[in-house]
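Consider the two complexes below, in which chain A is the common component and chain B and chain C are the respective partners.
After this line comes the complex of A and B, so read on.
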């Protein structure tokens, strides 16, 4: 067995062991399985938030963009750097508090409680499930490719192993397993990425020398406008690149659920700082390694493998194993979060809400697990026989998620007039505009990214829809009181918690059912 | 600087600096959140 495979085997066993430990430690009721019993501190919150959003894209898509477009690719990194702090500062404390007041345990259920109507869940759940499936598909492909390169086994076999490990520990311990494995994986990711970046910079003679050499190959790569200066003045595209991983990230249901799992609302403050430090250390690395791969490996057949190939070229054998574990960590930490959230949406937001309203907690956990397994099998089928490009799938699915959900999540805690009509209009407009803009080829024709048009449409729909329907669909009184309490700095009065205030609980339930 | 065009240098240093400033301002504005913890612990 080669040293790389040995490291990966150790890594896989360690992740499964953490999942098993979390299963023993966690409560098996719905809040325990889906939110880890709202018990997470700032370190786990921040690193879970970051590692679950830094996907296989960072090692395949980002490296490929650095290799093909040079410093233009840094627009994505520069937006991404602030994604964590923006998310935690804008949503963190308030979403944690409001979700507890309303008794919400999934990020889609939270939207329905805040904007009481079954149509919220009927629209949000399929949109989120659809996007997350494609997002997780990209992670499967990236995981399979990585293992294929390290182990030499065929892609279908490597893919089966990668999916098997991810499903195993998502299956075992629910949110707690995902959060703790994500935390450990985030540390492995940073160590691996810094290591490979330092080794790459040494191999190219330092940062300045590396840039000069890249400039000798193509000076355009050193500009912020792309390899052929095609993005010069294309501010619509550049704005989209900055937004997709910064503001857009506040609309990803599998990421914002982290706020609801925090031990206390104030955890968001420290977690914000940790997330910025993580991002500054981790995010620029893949883009720069991809860029300098042009010097080390000028004739790569597939730029998506740039980081894998550079690791193999510049690191000692034992270190390649560790870096490969870091790469797998990035892929797996996103995939497990997506799978868990997809399982949650299917079990809690669709099955329990519309099919079997009297489902027990144990049944809910099993529906979630069966969904995870089904998605893994379908994902394997597609990825093994016709794998699409990782970067394109990730950017498209995250663009649609961001466009659909950002205004709904932000206005939920910041705008008292945001109502059900506004939220439904916003989700529908964001989804339709971003998808149609992309499939119609409008980004090439207009130079405007679908993230920009999608988020403008969903924001406009939220504002116009809410203001136009204030009289016909006023925000329920109990929501207004919950928002007033959310804005205050202080503990939640016990009588305001769902299930403890019978009046509040029945109002929320009845409103959600449209009675 | 760093063998890069001036605009590239300005952007790749300036934007991260803005995020650091944003974080510092957030920390300052949220300094009162500690009171919430103190009350919860009581």
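After this line comes the complex of A and C, so read on.
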């Protein structure tokens, strides 16, 4: 057994022990069980959130982008950073307020409340499931590649083990996944990533020397136009790279979440700010490690393993085992969250809404289980024999989701004339155009990214569809009133505005109307 | 119809301090306690390893939004408080049965997410309260010659700006 595998095993035993210990000493009441981690402070909450959202893309896709395209990859990093800020600012605030007023819990429910029609859910749920499948697929591949590298077994075998462990975790994770395990895992991951970055910089002689050496290999990598300057002037592609993780990211159902519990709002707010700081420090790291991997490991067979290989090269052996274990655990928890979300969409947004309106909670569990197993089997079938690149899969699925949903989300709060016909047209056009543009090879032929064409198509469809059907499908009166309330914000001190508790939105607006 | 009034844990002085901490110089002109109607439910929620426990849920009658919450603390009946009840705006108002379905769906989903797929279901309603009145402060405040209307949660001190 290699030292890395040994540490992997020790790591998971330690996590299980922490989980068991925390469960034993934890409160026995159901509130504590349902709202696990509620008593934790904002710093811990932020770290836990980040550890579960730092997916396989960051550890494989981002490194690969840096390795193959140099500083061009920073367009994606910039979009990722910008997306967080955008979500925290005006757009996110209005969306949260409207979702509270309309009483929505999930993102799909929010769309159906704003654009009342069963067709909204009928279109949105399968599109979301379709895209989530690809995102989960990326986690499967990342897990398989990591295990392949650490254990030395062939990729199909490593993939089967990785998927098996992820599915097992999805079933039994409730016994382990307590706040403390997430927190410890996040600490190790952050320390590990920073450690890899620092050790990499030391190994290449510092940031400036590293850049000079990369420039000696290929000076184009130091520009933001790609390894062969192929993206110079290709603003359609660059715009797409910027948009995919800023605007596109907002299409993900797990991003547009609302608070479930009436918990102290200050924790959630401060955690949001900490998360932003964390992103600023963390996001450029994997891209830079990927870039400098060119110096340390110039002949990598698969650039997607750049981060793993660099870690293996620059860290002490015991640290490689721990960091690899933490990365694998992060991939696992992201996959677990996505699979559960997919199960919820299948059970509540499709099965309970259209097939069995009296679904019991036992049936809900079974629909979720079958969905997870189906996704795992199909995922293995695709990934084992012709695995696509993690970055490509993540970017594709984010592109489709962003194209399909973002105009509907944005117009929901910013445009009073946006109606059901417009939203349905927008979701259909965004999905079709982005998928067809990609599979037809149009990005290479035209130099325009599918994110650009997808978002243009869905926005145009929203405008045309809404304007053409104002008479036949007017926006319901209660929606109009809710929008009036959503927009009713004057010049307010910034500190006060940032500190608001969106959970109170509906209570506040309704109390105010009566006065 | 059984009713319950939740105890006001944040008084008007607390509300003032909370807002002043966010905007130094802000002056509270008036603070009025108003009560918002929820349907209240207590469920028995199975956990893992054969354990189970009680969970409280509130569902907003006027928006249909369901929340998991802490156990309720009732207002002392002897205070003889006259409630200033928020009127029904008739937007998305739901009835008690709909509230019950939403509360159960929320708790089932929350339990499934927490326990993962090893969970077996079996959420069971233990008791309910047709009207749970939650206290909120409607605060009129001024800062630098501008007036603000803010709601402060009477349970946890969270606030929301209604207008300026």
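Assume the second predicted complex is superposed on the first by the 362 of 515 C-alpha atoms of A that agree within 3 Å, B and C clash if a C-alpha of one lies under 4 Å from a C-alpha of the other, contacts with A are read in each partner's own complex, and residues count from 1 in each chain.
Criterion: contacts are C-beta pairs under 8 Å (C-beta built on N, C-alpha and C of every residue); 3 or more make two chains touch, one makes a residue touch a chain.
The shown structure was predicted, so the numbers you read here are calculated from the model rather than taken from an experiment.
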{"item": "Touched partner set for A:103, first chain B, second chain C, both or neither", "value": "second"}
{"item": "Touching partner for A:71 - first (chain B), second (chain C), both, neither", "value": "first"}
{"item": "First (chain B), second (chain C), both or neither touched by A:482", "value": "second"}
{"item": "Chain B versus chain C as contact partner of A:211, first or second or both or neither", "value": "first"}
{"item": "Superposition-derived comparison: chain B or chain C, residues of chain A touched", "value": "C"}
{"item": "Which superposed partner A:362 touches (first chain B, second chain C, both, neither)", "value": "second"}
{"item": "Which superposed partner A:222 touches (first chain B, second chain C, both, neither)", "value": "first"}
{"item": "Doubly contacted chain A residues - partners chain C and chain B", "value": "264-266, 489-491"}
{"item": "Parts of chain A lying in touch with chain C, wherever the complex brings them together", "value": "28-36, 100-105, 113, 169-175, 177, 260-266, 336, 340, 343-344, 348, 352, 360-365, 368-369, 372, 478, 481-482, 488-493, 495-497, 499-515"}
{"item": "List of chain A residues in touch with chain B within their complex", "value": "71, 74, 78, 81-82, 85-86, 89, 93, 207-212, 215, 222-224, 264-266, 269, 272-273, 276, 280, 284, 489-491"}
{"item": "Chain C residues within the chain A interface of the complex", "value": "19, 22-23, 26, 34, 36, 43-45, 47-49, 51-56, 58, 60, 62-71, 86-87, 89-92, 104-123, 134, 136, 138, 143, 146, 148-149, 151, 153, 155-164"}
{"item": "Complex contacts: residues of chain B adjacent to chain A", "value": "2-5, 7-8, 11-12, 15-16, 18-20, 22-23, 26-27, 30, 32-37, 39-40"}
